[in-house]
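Residue numbering begins at 1 within each chain, and the chains themselves are lettered A, B, C and D in the order written.
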Amino acid sequence: MSGNTFGRLFTVTTFGESHGPALGAVVDGCPPGLALSEADLQGDLDRRRPGTSRHTSQRRETDSVRILSGVFDGRTTGAPIGLLIENVDQRSRDYAKIREQFRPGHADYTYWQKYGIRDYRGGGRSSARETALRVAAGGIARKYLAERLGVRIRGWLAQLGPIELALDDWEAVDANPFFCGEPERVPELEAYMDRLRKEGDSIGAAVGVLARGVPPGLGEPVFDRLDADLAHGLMSINAVKGVEIGAGFASVAQKGTEHRDEITPEGFLSNNAGGTLGGISTGQDVVARIALKPTSSIRLPGRSVNVRGEPTEVVTTGRHDPCVGIRATPIAEAMMALVLMDHFLRHRAQNADVDSGTPVIPAEPGR
Amino acid sequence: MSGNTFGRLFTVTTFGESHGPALGAVVDGCPPGLALSEADLQGDLDRRRPGTSRHTSQRRETDSVRILSGVFDGRTTGAPIGLLIENVDQRSRDYAKIREQFRPGHADYTYWQKYGIRDYRGGGRSSARETALRVAAGGIARKYLAERLGVRIRGWLAQLGPIELALDDWEAVDANPFFCGEPERVPELEAYMDRLRKEGDSIGAAVGVLARGVPPGLGEPVFDRLDADLAHGLMSINAVKGVEIGAGFASVAQKGTEHRDEITPEGFLSNNAGGTLGGISTGQDVVARIALKPTSSIRLPGRSVNVRGEPTEVVTTGRHDPCVGIRATPIAEAMMALVLMDHFLRHRAQNADVDSGTPVIPAEPGR
Amino acid sequence: MSGNTFGRLFTVTTFGESHGPALGAVVDGCPPGLALSEADLQGDLDRRRPGTSRHTSQRRETDSVRILSGVFDGRTTGAPIGLLIENVDQRSRDYAKIREQFRPGHADYTYWQKYGIRDYRGGGRSSARETALRVAAGGIARKYLAERLGVRIRGWLAQLGPIELALDDWEAVDANPFFCGEPERVPELEAYMDRLRKEGDSIGAAVGVLARGVPPGLGEPVFDRLDADLAHGLMSINAVKGVEIGAGFASVAQKGTEHRDEITPEGFLSNNAGGTLGGISTGQDVVARIALKPTSSIRLPGRSVNVRGEPTEVVTTGRHDPCVGIRATPIAEAMMALVLMDHFLRHRAQNADVDSGTPVIPAEPGR
Amino acid sequence: MSGNTFGRLFTVTTFGESHGPALGAVVDGCPPGLALSEADLQGDLDRRRPGTSRHTSQRRETDSVRILSGVFDGRTTGAPIGLLIENVDQRSRDYAKIREQFRPGHADYTYWQKYGIRDYRGGGRSSARETALRVAAGGIARKYLAERLGVRIRGWLAQLGPIELALDDWEAVDANPFFCGEPERVPELEAYMDRLRKEGDSIGAAVGVLARGVPPGLGEPVFDRLDADLAHGLMSINAVKGVEIGAGFASVAQKGTEHRDEITPEGFLSNNAGGTLGGISTGQDVVARIALKPTSSIRLPGRSVNVRGEPTEVVTTGRHDPCVGIRATPIAEAMMALVLMDHFLRHRAQNADVDSGTPVIPAEPGR
């Protein structure tokens, strides 16, 4: 059973390979009546797009998305929304060498072993190019959540290798190529990246993602908790090796008196929970953090084997991101949007009868 | 859309509340012909059961599981397997106070807000008592994986508050009440827990879980990667706030030359990947680590509000685990087993035609 | 991938064999706040129960259902509802003969071929005894539909062998053991059945089922149309060989001018559509009709083979229904209820924003 | 929850409207290694295509399908297969009138009521044009089933209004525009259709569909029986009002001695079951029959109302099939192929361990 569909009620099915004619997605379950055009999706696609600064891949992908269905007279109709991005910058190159090689740290070997056949051109289906469609689909969810529920979603670079970064300035994030929320530290990041590029090496990163304005009640215990589905969605992003909610791994060394978020009539006094209790949103910010590994596509040679099990040396040339984590920021936002949207629909399916009224606990004291 | 079913092809649906007459599960999709009896499941249930040492809850639950269907003449038939555990130790007590209170750090508020009604007795559906059924269901998966594929699964306590613990001795884990893989450090843990109990506080923990002998090829890109489904399953365990695969959050500060697991004809030279590449198992150990928060059920008073939004003080008495992470070890093993079993069936549904033969890369050099 | 779950948002998972210790079901997705007790479900179970007249099987099953979870203080909580029926009338008998036989017209052979193992006692999982749980689960859906939406569901015996029957008197149906809507013809049916029993043969039947008060808008094109899901649910009942919606097979010989249901401001002028257009409910009565084959469990000998392919003669003794169609009436009602309930939740998940107001077309002119 | 995906393991998700830029589908779960090109799918598309005889719609749709992904070097890779058909013959016309009308017998009213918005151009999403993608997707399933399992699927026109037709000549079916298996009766059909066209009316039809060579064991009790999923798939075809398996509604008047298919060591002696027992394939021909209503798109005026509930008269001009049942034949074949393919994968997921060997009962005595 293949796994190219995400979500249960608001579903996204993606298809396409990095060097095929096109990539696409079908978004099913979008409520009717939402104003939607390609321009609404293009913004986030452009943020994810490579080639926008010298610190990301220099490939030229235009990533122009077309809406093929599900929208009429500028509004969604309730029918499935077909999205298409044609591939334009497929450099014609000699793949003879890598077709028999398993690049270390890549999916080459596992695809070969699983399917017995592999589209080796640019990673094929395992290429992060697929995430462009997630960003497009996530844009639809995001628009609905913003317009109908007032939910705002924001990702940021939380760590670049050894450099930890806070989210001081929500607005600054989009004004620099690192999605950095401490704008004054951008030169530090640039210097780090320049050094790295000279070495020919790559580096890991952490990305934070936060949703504000999420109503209490989203999440479906016991297995499809909001945090569990977030973990699923975020871990499904290429290169992600870890997911935390709220205090995350810091909880391990916390005591109960420290971790539990006490409550007053004005609201919660802290947010170690990251906006979920028992797998259901509390109304506080939903906060997650993901760890991204350094890309294995580097020009420093690495040992590997070929399809016959013979030793070989792998050197990756070409236009790769030295830190894939940077461009993961809009993808993490998209997955957050998709999970929240799906859970909003799941929640109201079962619980629309409940008169929730004003939540008992204000989400955000002092805001 | 409720979320009480886990898995796609090997599905587990649980039901039941901590203070209802019984809890149960339906396991659907188990291959026919597997030898199975209640005794096969009772062992793991006893490992999870409270009351086995002074360091866990002193509740007396017998957790005797009955198989109601799906097994005939000692073998599974392919029909759904009904499992039932009757509740026996439900202390009759006065719930008048907590019925209107939202305990901080608990699901009380979110269940109330979501469903408009709440079974407040002992946490109801949000109680970790539900995980007993996961352990029972996981036992079926575990038996199949062991007998048919030679997969062995092992969890261990990786960190207790500030105390980090290695898995030195795989066999020692079950011989002490902490699931500790460094048996000589058990007294240190005991002293820590005794101190904690005196304080009346609780502490977080990290649990590791590892599967050895997993064949290459399991995992369904792009959304249902093996690591993504593991993240889903593990994050759905009560109190879990973070999930890592392989190097996890340590990847953030790693360089590409360090992180990528180089390959020789004798096998992989390291396992930063944690046994998955591109979301598909490599044949190496599948390794995950989870962070568990400290329980909020402590006797030190905490501020909260009641259902009318009025301030109240919450003191939890009763028989609670000061470190819920300890007993989470068999639950993490169960979720690992369920994810692997589900993915084994998913894989062979689509790929049974592939003649995979001997994997090109030996999983475990030197073993 | 096993198929023991029905529905997407209001799901029913059944388990259990005719001669195991118990059968059960888990109903997940029920909205919270519905008043519910065992007594609400027992009525329909008693209608399905054998042994209530000389025209159905003389087995004595009490079919007492227990609610194990999901209900608190007399109301559903949104948690999964566990249902259990213990088996009490399992006659201890010698199954030595049938364990190696494939009874013609039964699932014996196909279960054997599919699973390689078979619980031969009383049909095991393929026994219609499983449908008791569908009736119980359907009772929950039915209660919600009636109380919240005003939907009433009614099944009736539409044909017994050659005898066609109308639904003249909705109330009379439950007052006779045939679910016959023409009460004055009950003696005719009794005479027919007595003759049949003397012959030792069995007979087919058709059952009609109708839902009144269904709001317009239920059904999910293009695959999960309301009629398509009804066809799925009804065809999944033991012994069903055909499903019609509205005019059904009579449509084949109809002309467009005759079939299309014209519309006036007072409502639709006919209901050849059976209450659905484009797979979505119109607000008219949703009407279906199913064909049930005669049971193959008859005492007249039939030719067959055993597990080794050797010829054998099969004679079925014991307590069997000469017309399984009769008792199928409450089962058909239950499946109708389950399909409508599931689609009600599916519809509101996506379309709760739509201000549908008063339907443009009154459903029922003159009512 | 939208319903634009069919199947569980071999899934087809379609999108697109009759007058949008394109229609498409994603086929997920196809086993890797299948030789596949657009030419393999075009044949069935051409059989479904309108404009090929004067007895079907004169619209000119080229229905050229493109494969956008999932195929590499002429073979499927296990990745999702994206299919696209661009719309070319969208006559620019004045839809002003029908945009406010509800055509009787059409989905106009129900889409309006459900979604609050409607793409009225040519039926939008409810147009049978969507079925072109089912035919394309079904072609993939069909090729796999034929090459790997030897399954052959054949549909035929079983009844045209009052004219019943047998399947005498399997090969003749594709040699006439009616999919008629009694070639000598084609002139009779032509005369009937010519008369009908002159009247301006339309007529219903029945289509049969048969799969030969299906291995025993396919089907997932208790809900996802092979026949139940066939009923779902076939009833989801536009205009279908009834589905029968095997003897179908004729079973109602059959006695048990007549209906049960007796068995000899040489095979089954009859096939009233239509190739399934207990919802699982027996190895015999799987046989279904569907009833299709006459199209409501006729030029004879009909009464209806508009979106404001005011009376209006509807006359449909344009290029419509007077008997939509004729072109439904390849669609029914496609749905049969999709159901069988899905069930083949579902079966082997759970039961690949079963050593089924040669089936005990030969499927086809005398063949």
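Here is the rule we use: a contact is a pair of C-beta atoms (placed from the backbone, for glycine too) under 8 Å apart; a residue touches a chain by one contact, two chains touch by 3 or more.
The structure displayed is predicted, hence computed values, not measured ones.
Peer 1: Could you check if the interface between copies chain B and chain C is built from the same residues on both sides, meaning over half shared, or from different ones?
Peer 2: same
Peer 1: Tell me, please, which chain's centre (mean of its C-alpha atoms) is farthest from the centre of chain C?
Peer 2: A
Peer 1: Between A-B and A-C, which chain pair is linked by the larger number of C-beta contacts?
Peer 2: Result of the comparison of A-B and A-C: A-B.
Peer 1: List the centre-to-centre spacing of chain A and chain C in whole Å, with centres computed as mean CA coordinates.
Peer 2: Computed from C-alpha means, the inter-chain centre distance equals 45 Å.
Peer 1: Per the centroid of Cα atoms for each chain, what is the distance between chain B and chain C, given in Å?
Peer 2: So the centre of chain B lies 39 Å away from the centre of chain C.
Peer 1: Report, in whole Å, the distance between the mean C-alpha point of chain A and the mean C-alpha point of chain B.
Peer 2: The answer is 26 Å.
Peer 1: Can you list every residue of chain C that touches 2 or more other chains, as numbers and ranges?
Peer 2: 1-2, 4-5, 8-9, 14, 29, 32-33, 78, 114-116, 125, 345-346, 349-351, 354
Peer 1: Of all residues in chain B, which touch chain C in the complex?
Peer 2: Those in contact with chain C are residues 1-2, 4-5, 8-9, 11, 13-17, 20-24, 26, 28-29, 32-33, 66, 68-70, 72-73, 75-82, 84, 114-119, 124-125, 345, 349.
Peer 1: Name, in rising order, each residue of chain B that touches chain A in their complex.
Peer 2: 1-6, 8-9, 14, 102, 104-107, 109-116, 125-126, 130, 159, 161-162, 196, 201-206, 216-225, 227-236, 238, 240-265, 269, 272-274, 276-283, 291-298, 300, 302-305, 307-311, 325, 345-347, 349-351, 354-356, 359-361
Peer 1: Can you list the chain A residues touching chain C in their complex?
Peer 2: So the residues of chain A in touch with chain C come to 1, 9, 29-33, 78, 148, 345-346, 348-354.
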